[in-house]
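As written, the chains take the letters A, B, C, D and E, and residue 1 is the first residue of each chain.
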Amino acid sequence: MVLAPNVFLGYRIYMSFLITVPPILLLALGLTLVIAAGEIDLSFPSVIAFSGFLFAYLFKTYELTWLALLAALAGGALIGFVNGILVAGIGVPSIIATLAMQFFWGGITTVLSGGLSYNIRAVKETALWEVFVGRIGVLPVQSLWVLALAIFLWFLLNRHRFGEHLLFIGDSAKVARVVGIPVNRERIKLFTLMGVLAAFAAVLLTLENKNFFNTQGQGFLLIALAAVFIGGTSIFGGQGSIVGSFFGAFIIVMIEAGLVASGIQGFWVRAVVGLVFIGAVIFHLLVENPGRLAALRRLLRRDG
Amino acid sequence: QSSDKPLGDGMVMYMQMGGNAGDGATLARTTGARDAAKAFGLQLIEQYSAWQPETMLNHFREGMAASPACIGIMGHPGSDAFADLVDEAREAGIVVTSGNAPLTELYNKHQAGGFGYAGVDLFTGGYITGKSMADQGLQKGDKALVYGLLSEAERGQSTLGLKTALEEAGVTVDYLEISPEVNSDSSLVVPILAAYLANNPDVKAIGTQHGGVTAFIPKALEDSGKKPGDVVVGGIDLAPATIDGLEEGWISTVLDQQLYLQGFLPVTQCVLSAKYGFTGLFTNTGSGTVTPKTIGALVPLIEKGIR
Amino acid sequence: MSGSEYRDVVRLENIQMHYGNVQALSDINFAVGRNEIVGLIGDNGAGKSTLIKIMTGVERPTAGNLYIRDKKVDWEGYSVGRAHELRFETVYQEKSLGEKQPLWRNFFVGRQITNRLGFIKVKQQKQIANDVLLNQIGFRGAGIDADSPVAQLSGGERQGVAIGRAMHFDSDLIVLDEPTVALAITEVRKVLDFVRGIKESGRACVYIEHNLAHVHELADRLVVLDRGRVVREIHKGEMSLAELTSALIDLQHAKVETAEAGS
Amino acid sequence: MVLAPNVFLGYRIYMSFLITVPPILLLALGLTLVIAAGEIDLSFPSVIAFSGFLFAYLFKTYELTWLALLAALAGGALIGFVNGILVAGIGVPSIIATLAMQFFWGGITTVLSGGLSYNIRAVKETALWEVFVGRIGVLPVQSLWVLALAIFLWFLLNRHRFGEHLLFIGDSAKVARVVGIPVNRERIKLFTLMGVLAAFAAVLLTLENKNFFNTQGQGFLLIALAAVFIGGTSIFGGQGSIVGSFFGAFIIVMIEAGLVASGIQGFWVRAVVGLVFIGAVIFHLLVENPGRLAALRRLLRRDG
Amino acid sequence: MSGSEYRDVVRLENIQMHYGNVQALSDINFAVGRNEIVGLIGDNGAGKSTLIKIMTGVERPTAGNLYIRDKKVDWEGYSVGRAHELRFETVYQEKSLGEKQPLWRNFFVGRQITNRLGFIKVKQQKQIANDVLLNQIGFRGAGIDADSPVAQLSGGERQGVAIGRAMHFDSDLIVLDEPTVALAITEVRKVLDFVRGIKESGRACVYIEHNLAHVHELADRLVVLDRGRVVREIHKGEMSLAELTSALIDLQHAKVETAEAGS
């Protein structure tokens, strides 16, 4: 950012972030809850494709708008629910279950769409478009939606019974059972919620692009996860930072753009992204616990 | 000698399709190959490699193990990587033919055995796009962004062609590499290009040979406050969004590889060579660009995944 | 609820429990009366914890029936949450606190004070938790309050929190699995007083404890488990502490001998 | 397999698997140890690229063979060691550290190689080639190497002090410290070992293809992880099945080849792979614990 | 090794321990003589476990020195593994068994019997582990042997394994943090006999226990910790059990009063 002042002084670049970040942010927020509960969801890229397809198909074929939105959300809920059943009901570890489901639903989307992408330019004329991805002045409306959702999810995680249950489940599922939390039902709810959030991200993305791409969502896997981790949510569960993920999503999107704007040469960008990523996380850790550096020095001599 | 049975009856062909089932740079090839397979009555087995060269090599090994009549390969791993494998397949009597990226050395060696090529010369394709951009009003000393995949040796050839053509026209070229995330999900390109445009307000042209990226350039321009025609844009492939871009004037020129032919022709080559021993044909499937003026007629076909 | 008519707060009938090949409980019958303190004693691995886990909804037995307030309860619908609703409160032997969570959450988890939409009244919860910590449990440790995460507590402090929680939700049946473990003398006294208080306020308690002096003094009835079976019931006053101790030691010797004879 | 008998009756397809599987198997074996220790490594795709580059570059430029092999292994060890330092020394959770390092080393490889691929056909004339990827009759030699390594790693995990330490660390790092295991040093060793195994996979791959591709390895991420999970190693650490991963690697490679050969239409393959994947894991679970199905039924009524 | 000349097995000097803002220990001096059994007592959260964790290499103090057999030890090189090498053996209050691992691994982990290449002699380890389980600890539980994973054990059985392990590696200093917790009567007796045996065989022991009857009987010297400080040392015979008990209770009352006066 420091390297390219003229870029980051203009408002336009921020408006562009306010368009790109919302879908990623939605995913990151959902993942924050999932990870806080000690689980993981890798199936969301396929929700982005599947729900995006449902929406675009219903709009293009039947000119449905609000119903298409509902169908897309229901599709996401279905995928999430299936994940939940696999994880909570059958006991498949979530990393495996959701990975398999990513394959499955991604494949189903390709089959259903016949591999085609859809152009839904006409959607721009609908009220739906104005409500979700229109502009207030220069401000993209979707940024307000995700802001509201972020606040809601903060309260859900930190102030609601459901969120507390997730935190305890992530802390120790055994303890959670013993204190009377209906562990499995909460897990099913959690995955379903994640599916709905991903589906909403899919709709925002499809509306904004006015196009459904058969492969949409696949590039979001690492980015959304990285946003959560950069934000300081621990992979070990029992703790999740909605605020951290909020900023994490912006940071991860801005890193590459910032590097590009700063004029770093093509091939270097990715290596520098890796460095910035690890640097941010280490900075986090050291701020929280300055003893680490000493520990590191000690380690290289003899281990504790 | 002809009979009631179709020409390819009883034949099996393993064919590498490129990326992932249904992605923009793959779909029309699949459609073409399926149509040809239906027409000739042969059994087509599709292999998708996510553009990974080492997967293409493995797919070849697996295909060879099934002793099919023919194998259609992608050129990405290069002649040297394929050389021994193709030799082996030829010894086993399997017809091999290629597409998308030329394998000149192998073509020269095995042409007599039916080794053909259907595709553009990648460098030339890029070069044509660059020329076409230069023709749309770029001046000496103008600044252009080339956004490509030089890190992938074969696919990078088209980027190189693009860059060369622009440089020959006296344009100053900035190069940016496409990251794997953008490669698989092009919507992520928008903030990156927006940032570039904000930092380089004087840029006169953007060129890419990535189909997904092409489709999103109009959005990036729009978000950056540009108007159609402010920036000369050259791209590739006719995704629905790209057509929009052309129609609205955001995109100035697009290379049409005619991917359908890259599917149809290798199957044809296979049947003809396996049945009648014809030699390999070298077919350039695309030397033309599509511009806002010529797009109209193509739209219906594109929506069926043919063009 | 406690006003209705029933004889036993809880009754288990012909309970069997297998963990894979291990038979932890065989054909157990066990009941707790309305205003009774039942001491559950027995060797390590006798099956005491397993029994109370079944009783309070943590585990599901391989066979057997459960009656609560004389009504048969379907295992399908039974869980720890349900047991809470039925006013059963338990201090488990295994850890039952979320390590990374602050005490105020640990205190109320599963029984949060919420508004109608399920949002937690944090202030109120913290206040009550602090009150219980300081006044009921009597923590004076450096810097422990409702906001401290459990991970910072010493072994005894954790045990204290678990018991404080049970003390607070004043229930009809209180199940304590070795509650005085890790506690210092004064705290042990508090727990014993608490158990006496249960009796006085007309409620029931199941009390597991290896310290015979404690159970002998408190329990109305002692149930001795051995290798998954109820081998003996002893009513208050039937035996002195010394007699009880030697009876139990005899039991173990007998066991060793039969085991040796059997092998 | 049932669907394409003519393909799977011939010996050739198996020889082709004996070429395809070894690099994936090496990765899966290494990951089994890593996951047994409660960690994860996502950086190995970049090791495949980086070490492959070192090897190909040194061979092509200086005609080094054995030294090039050593350099490649050393490169893998370096990447693994850096991972270890980040995880054990600084305390960055491994999923984040290795993800960042995947970006970083992948980027570095692109920078160093200038984005070029290298053709090293001449390597076929070297003794190195014969020793590692030659043929004994029709049998690819690399299959013997990985078989030997699998046996060695089985003993390392199940019978060696180091393996026992990994199991305890994966079970609970706290307990491991308390029983006197030098947790952090063992973690560093573990990641270094994983780096070396991935580097060896890179060399086998590069030798077999007689080519270095700039993007090589990226396709292995999900496949290698899936092999480990299909093999029954638990994501929760403390337990790892080398034998399971061994078969898992074959299964995962054969699933796709089998589906393709069976003539299933291309679009369906991905969806069916997902189904087979989840089916295999669920089958595993149900065989181990038949009570699950009952639990599932119960769950849908009321939660335990 | 035990033949060499030294006065104290271990000595801690001016130890400070902060956890963030919490000061768990302030300026502790604590030594254990060659053939001495030291009882460490005090309230919950007094700092007993913290002190022995520092002594045995689990935690590193914020300040202070460590002397082992009168030689100063550098904290940098000190760890649980090193303490084992120096023949210190500890039973910690927190769990110290790998849940998913079989008992034979838990028994020897960190001190495996291996060949020169580091490969474990499994048969030998299993044999010894089985022997200790059956004969020394005296498990008679259904189906517990060297191959059982810890997750299957009852609370007391786990404690038994941890102590059995400490008994087996016959060391110069044995540190026991509430070892009788969760054990049944006969097992408790075994532990007490074990501690007596330590003394008889000329070795040393630090023994933390809330049951004053036990420590009072066994310890040569009692050290009383209170809120991170050593507040009292009591030598054998100096006080009767009853005096000791009331002294400790007085101490706590005094504490409450100063705390209240201070606030």
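By our rule, contacts are C-beta pairs under 8 Å (C-beta built on N, C-alpha and C of every residue); 3 or more make two chains touch, one makes a residue touch a chain.
Note that this is a predicted model, so its numbers are computed, not measured.
Colleague: Measuring between Cα centroids, which chain is at the maximum distance from chain E?
Modeller: B
Colleague: By mean C-alpha coordinates, which chain is most distant from chain C?
Modeller: For chain C, the chain whose C-alpha mean is farthest off is B.
Colleague: For the pairs D-E and B-D, output the one whose chains share more C-beta pairs in contact.
Modeller: B-D
Colleague: If you average the CA atoms of chain A and of chain E, how many Å lie between those two points?
Modeller: Averaging C-alpha atoms per chain gives centres 48 Å apart.
Colleague: Once you find the CA centre of chain B and the CA centre of chain C, what distance in Å lies between them?
Modeller: The computed centroid separation for chain B versus chain C comes out at 71 Å.
Colleague: Between chain A and chain D, tell me the centre distance in angstrom, where each centre is the average of that chain's C-alpha atoms.
Modeller: That gives a centre separation of 27 Å.
Colleague: Mind pulling the chain E residues that touch 2 or more other chains?
Modeller: Within chain E, residues 57, 79, 94 contact more than one other chain.
Colleague: Find every residue in chain B that makes contact with two or more other chains and list them.
Modeller: 20-22, 30, 150-151, 177, 180
Colleague: Can you list the chain A residues in contact with two or more other chains?
Modeller: Residue numbers touching two or more other chains: 107, 110, 114-115, 177, 182, 222, 267, 269-270, 273, 303-304.
Colleague: Quick one: which bits of chain D touch chain E in the complex? Just the residue numbers, please.
Modeller: Contact set of chain D toward chain E: 155, 159-162, 164-165, 167-168, 171-172, 174-182, 238-239.
Colleague: Using the touch rule from the top, collect the residues of chain C that touch chain E in their complex.
Modeller: Spelled out, the residues of chain C in touch with chain E are 19, 21-24, 42-46, 49-50, 93-94, 139-144, 152-157, 159-160, 178, 181-188, 210-212, 227-228, 245, 248-249, 252, 255-256, 259.
Colleague: If you look only at chain A, which of its residues touch chain B in the complex?
Modeller: Those residues of chain A that touch chain B are 4, 6-7, 10, 12-13, 15-17, 19-20, 107, 110, 113-119, 121, 205, 209-211, 213-220, 222-223, 253-254, 256-258, 260-263, 265-267, 269-270, 273.
Colleague: Looking at the complex, which residues from chain B come into contact with chain D?
Modeller: Within the complex, chain B contacts chain D at residues 17, 20-22, 30, 43, 45-55, 57-58, 61-62, 64-67, 77-78, 80-81, 83-84, 150-154, 156, 177, 180.
Colleague: What residues on chain D touch chain A, complex-wise?
Modeller: 85-86, 88-93, 95-97, 99-108, 110-111, 114-115, 177, 182-185, 222, 225-226, 229, 234-236, 267-275, 277-278, 281-282, 285, 289, 292, 295-296, 299-300, 303-304
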